[in-house]
Amino acid sequence: MRLSDLLGSPVRDSSGEVVGQVADVRLVQDGPLLRQVQHAFRVAGLIVVARHTGRLFGYERGPAIKGPWLVKVLVRALHHNTRYVPWEQVDRIDGADILLRVPKRDLAHVSDLYSERIS
Amino acid sequence: MRKAWPAVLAGVLVVAGCSSPAWNDRDYELKAASSAEAVGSTVEVVRLAVGGDGRLTRPYLKVLLTNAAEQVQGVNDQFGGVQPPTERAEQLGEQLLKVTEQAEKVVSGLLMEVRRDRVKDPSGAVRELAQLGESLRRFQDDHE
Amino acid sequence: MKKFLGITLGILTAIGGFVDIGDLVANALVGSRFGMSLAWVVLLGVVGICVFAEMSGRIAAVSGRAVFDLVRERLGPRAGLANLGASFFILVMTVAAEIGGAALALELATGLNYLLCVPAVAFAAWLVMWRVRFETLERVFGLAGLALVIFVVALWQLGPDWGQLWHQASHPAPPQDEGVPTYLYYAIALLGGAMTPYEVFFFSSGGVEEKWTRRDLSVSRANVLIGFPLGGLLSLAIAACAATVLLPAHVQVDSLDQMVLPVALGAGQVGLGLVILGVFAATFGATLEVALSSGYSLSQYFGWQWGKFVRPREAARFHATILVVMVVATALILTTIDPIMVTEYSLVFSAAALPLTYLPVLMIANDRDYMQDKVNGIFSNTLGTIFMILLVAVSIAAIPLMLATKAGQ
Amino acid sequence: MTRARVLHAQLHLLDRQVVHDRDGRLVCKVDDLELDFDDQGRPYVTAILMGPLALGPRMGGVLGRLMEGAARLLGAQAPPRIPMADVSRVASAVHVGGDLERPALERWVRTRLIEPIPGARHEAE
């Protein structure tokens, strides 16, 4: 499988309702050991946008990109209901679709990723 | 050597929408005015250059006059090729072509002189060009 | 002296942007039709290009990444390819025009038909890009282009009515016999010329070629703050010369020979010689800048090894790109299409593509992953945002205005 | 133990420049990433993929297919890959070690076009 197979795939919740599509994939370096020197980057979760168009340009990551103010506000307004789906909530990949094991209302907002870290 | 230039200029003017057939008197008149403007601009350049003759190098003057002669000729060919829609327009066209063809003759005459040696009578040429420029401008103002 | 030589990259870049063949004639044309009433656009352009060139130079110094790396990285492969396609097309057309311009300068000096000079000019330019070190190239042609300062001298000698020039400059509106759309069309052409994307392609890649690091941030800034205002000054001097000599005579400049006429009248044969040298150096330098930029942008999009800091065989695809571009451009100009027309159209098309280049620069200049502590401050961000809004407006208006005014007729 | 590093694949990896550690040579872009599943069924990144066979499908449309088709016509079967084990650092560029074969196009252009021109092997003067 390739990463591009995940990006842009439609995401449906447990009731089959469309949540959006995959905009980015969060990787954490705690996967299997590669050649006994370093851990692999494992897929930790999916960042799912409701809207079909546009990229996030990194503005979903709270502290790393702050400005310019207007661009940030525009991108965030365009993607205000962007969600984060931990891999544990993914049920299976069915063809091009990604099916979740939870209902839409249980999904976390992407901004929770960073507010969590600060606390 | 430079035969391609008028053709290129003509092509450019076609693109710019100058050579489409004239639909009515007013359209023809506007075409005449813009032709007068183009020739007038070139005539004035030549006047300035010939007036400053002593300060210019010969190769430069030659290039300038060559381009000017081709430009005026190009506009004349172009405008001469437009069919006047009425008799009144035809008269107007002839009136303009008389001046622009005179301009073409003067400029190519100056070019011949520079090719051979230098402009023989700069102040006379400047006077003549100034007159041509003046009448072209008046034509343009009257018909725009 | 060494410090002075360090800013030749900025000077060469600015020459390619403000006084390459299209702009030389466009500035004179604008001066002869509108006087100095469009001077504000040049000033605006200087500020705009300074803001974005400073960002791209800073990014290159801190991260080692040039502008087209950023375009692909932030816009992704599709929008990046759209930008690459548009930019590359414009670059090839511009290379053709610049080769033609350098040949026209030789024609003015010798009286030899310019088409005869085209192959020699193109071959010489290719040889320089193939063999000459980047620093040498940028110094020789950056400094030689400064001969265009003769326009400032000539303006002085022409003894213009300064009060009237100032009056025109301080009343930004079209003269009576010109319409507002035409005025705006030329405003966009001038702004597009001042902020052509290949300036930041070349400037940031040049920074990488010179192996800038964090320690060179002040060098980068000096390049920007001296080079571009100098380019703007030359461009204003050209317009002022035309406004002084040609505007009162109702001349509408449309060729190189007409454009240098005020200098010849103001500063005599020496002036004429210098201005022809300056035009040649500027257009030849612009040929190098634009042709190298075509290699930079294609290589950076696909991730190929690029640059003159390695042997040509180590960057084979980069050098092959330049070679092909030079061959195609030479063939194009030998078809006798008018080089000046070509750049005037491509200026407007490049105005339409401006935001696609400058938006990624603005975003990455704010990205701490790239810039660490050197991210944009409030000043750069405010100016950058204002220009972004302006550029979006310009890119929407550019092509409709071109069609409506029949390219400024 | 320090916290494991977190990256966003699209933002931090895809379309970044790949640079060789040893000599600073520019290798390619990260055109795509190859994934595999670990024993708990979770995907992880195994390699960087490069070249038209990796970029083409991402591009999609006529251009993407054209890109792929051209590469296959020239005899490519799978995109060249760089194992993630060779990746030493991810920053504004992705730094890799190990021995890399040069891409086919670069080799072809070099031997057929560039090397025959005098001066191809020398530093600029």
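Note that the chains take the letters A, B, C and D in the order they are written out, and that residue 1 is the start of every chain.
As a convention for this text, a contact is a pair of C-beta atoms (placed from the backbone, for glycine too) under 8 Å apart; a residue touches a chain by one contact, two chains touch by 3 or more.
Since this is a predicted model, take the numbers as computed values, not measurements.
Distance between Cα centroids is largest for the pairing of chain C with A. Inter-chain centre distance (chain B to chain D, centres taken as mean C-alpha positions): 61 Å. Centre to centre, using the average C-alpha position, chain A and chain B are separated by 68 Å. The distance from the centre of chain B to the centre of chain C, with each centre set as the mean of the Cα atoms, comes to 32 Å.
Counting partner chains per residue, chain D shows two or more touched chains at residues 14, 58. Residues of chain B in contact with two or more other chains: none. Within chain C, residues 76, 369 each touch two or more of the remaining chains. Of all possible chain pairs, those that touch are A-C, A-D, B-C, C-D. Residues 107-111, 113, 245-246, 249-252, 255, 257-258, 260-261, 264-265, 268-269, 272-273, 276, 336-338, 341, 406-407, 409 of chain C are the ones touching chain B in the complex.
On the side of chain A, the complex with chain C involves touching residues 55, 57-58, 63-71.
The touching residues of chain B, when paired with chain C in their complex, are 1-2, 4-5, 8, 12, 16-17, 37-38, 40-41, 44-45, 47-49, 52, 55-60, 62-64, 67, 133, 137.
Chain contact summary for the complex, chain A toward chain D: residues 1-7, 23-32, 34-35, 37-44, 47, 55-56, 58, 61, 87. Interface residues of chain D facing chain C in the complex, by the touch rule stated above, are 12, 14-18, 25-29, 31, 50, 55, 58-60, 63, 91-93, 105-106, 109-110, 113-115, 117, 119-125.
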